[in-house]
């Protein structure tokens, strides 16, 4: 109960601040966000788009890890955990794709550009879709768990190839990541705080929903 | 040289339903295990487990040759006849057996194919595709499949299925001969199928 | 009692060849997969030719369509090796007599033979009927098609093994296979494009690196995971 309230309040604060703090070219006060040339107001979407994309990938990794656990120990609970993570991952993936497309529309004029990041999130969406198509096509629980785990591992093995392929094929329209490779942060302090708060809030939301879903499914299967 | 074939606390769960649990037995040469139970009690499931084709939810099946574990090579040690076991019906019995010997690495035994098929009353149909056979003849081909490599362990699920009186005689002879040298496992609803047994597993609860 | 002999062990190589030979013999006799593939290829190429009409298309588009034809042809024929065993009930027979690795390798080689035949047919028909499709650097094209074939075979086989154990096998196969094959598709399309542009062989080395890594990764993961798919 407390967690629900905490996360609810936290996310509300993040959303309100993210959307309403004023932007100016030279921030004078602590509550002003700097304007990023070229993005201006649309930069606000970073608070919501990046965490959902991040979580979509994290959820996939979590699903795969619990899938591997299932393959080793054959504990049905691990399969429930794995499938729950995948379900939430699919949700966050859809959110990320949609928020990304909205951003693309406002920044580059079209909803879809096939640039590397958009393509990657789309492929992740395909893998999630395939994962659930597979699950719905197997009747026997033990077999369903095994095959899903195997497929998620195969998916995880082939996904990294996109990182090497995409740069060769299409020039990127995606803005230079604000958190770059050296870990140096180009965001100003206020922006960073809200961004990290959003990341934390979304992660908390994910964990809370994951936990809730697992417990629900466990109760359902016990009583069926 | 000794063979031991045993099962320890075998359990199988399908979709959270327990099919059977705590099944144990221990067999040496010249012993017969009889498995009985109603339809749906899990006889064929247990047979599949003993053949190494199904993994138990709990417990284990052990096959020892001179004390060494041979579970990874179980397919050379057992011959299985079962309603669930199908032959490749686009091939003839001869081709089916040639394939099975080639995969098992036993090509040298190819000369045994003809005499075995003759003995099983399939003379003259050696080279016809199995698809053209009656169910009784298909059952005989399954026996050929089980016996071609002279395995020490013979596992028969519904041994008399689809057979006429000639066939039943033939199977009883096979079981007698095998009983003298090896381990026999029979799963059936009809207890008159076996003349004697040393251990029994009854899956009816 | 013949137990005086040692329990024979089949060599992996022998068992693989035996399974490959069995699949091949069965295929020659029934001709299911081969007929499906040939008809599919002819149909797809015909559709492409008619769709292009007198307009033609850019070389980039043609390179892409070549591999689209290959993809769908592969989806129509490469699952057969596993699905047929399930449908006829011989899966258990195979589980009984052969080790899982031999089954995987045998069927992988079978699919490889099918893919190579398929790709040859596609490339020949494509070159003959679509006059705008001209290869300038043959070495790049040959290596791309060769590596692409192996990659296709590898991925298609392991996914076929998975869907053979599920219901609705037909429609599920492309759904599962597409995300896995996509990196391969993008790379071979790029390689084909380079070949039509007359690029130097060295320029395509990046593509070849990716293809080889992909093949190694997929075969390795197939080898490790196949036991879980195959055994119940």
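Things to note:
All chains are identified by letter, namely A, B and C, in their written order; residue positions are counted from 1 within each chain.
One rule holds for everything that comes next: a contact is a pair of C-beta atoms (placed from the backbone, for glycine too) under 8 Å apart; a residue touches a chain by one contact, two chains touch by 3 or more.
Please read all numbers here as calculations on a predicted model, not as lab measurements.
Taking the mean of each chain's C-alpha atoms as its centre, the chain lying closest to the overall protein C-alpha centroid is C. Ranked by how far their CA centres sit from the centre of chain B, the chains are topped by A. Centre to centre, using the average C-alpha position, chain A and chain B are separated by 53 Å.
Averaging Cα coordinates per chain places chain B and chain C 36 Å apart. Chain A and chain C, compared by their mean Cα positions, are separated by 33 Å. Shared interface positions of chain A, defined as residues touching 2 or more other chains, are 139.
Touching of two or more other chains is recorded for residues 232 of chain C.
Listing the residues of chain C that touch chain B in their complex gives 1-4, 7-11, 14-15, 17-19, 21-22, 25-26, 29-30, 88-90, 92-93, 95-99, 102, 231-232.
Within the complex, the chain C residues that touch chain A are 155, 158-159, 162-163, 165-168, 172, 175-176, 178-180, 182-183, 186-187, 190, 206-207, 210, 213-214, 217-218, 221-222, 225, 228-229, 232.
Chain A meets chain B in the complex at residues 74, 76, 139-142, 221. Taken in their complex, chain A has these residues touching chain C: 71, 123, 126-127, 129-130, 133-134, 137-139, 143, 146-147, 149-151, 153-155, 157-158, 161-162, 164-166, 168-169. Those residues of chain B lying in contact with chain A across their complex are 13-16, 57.
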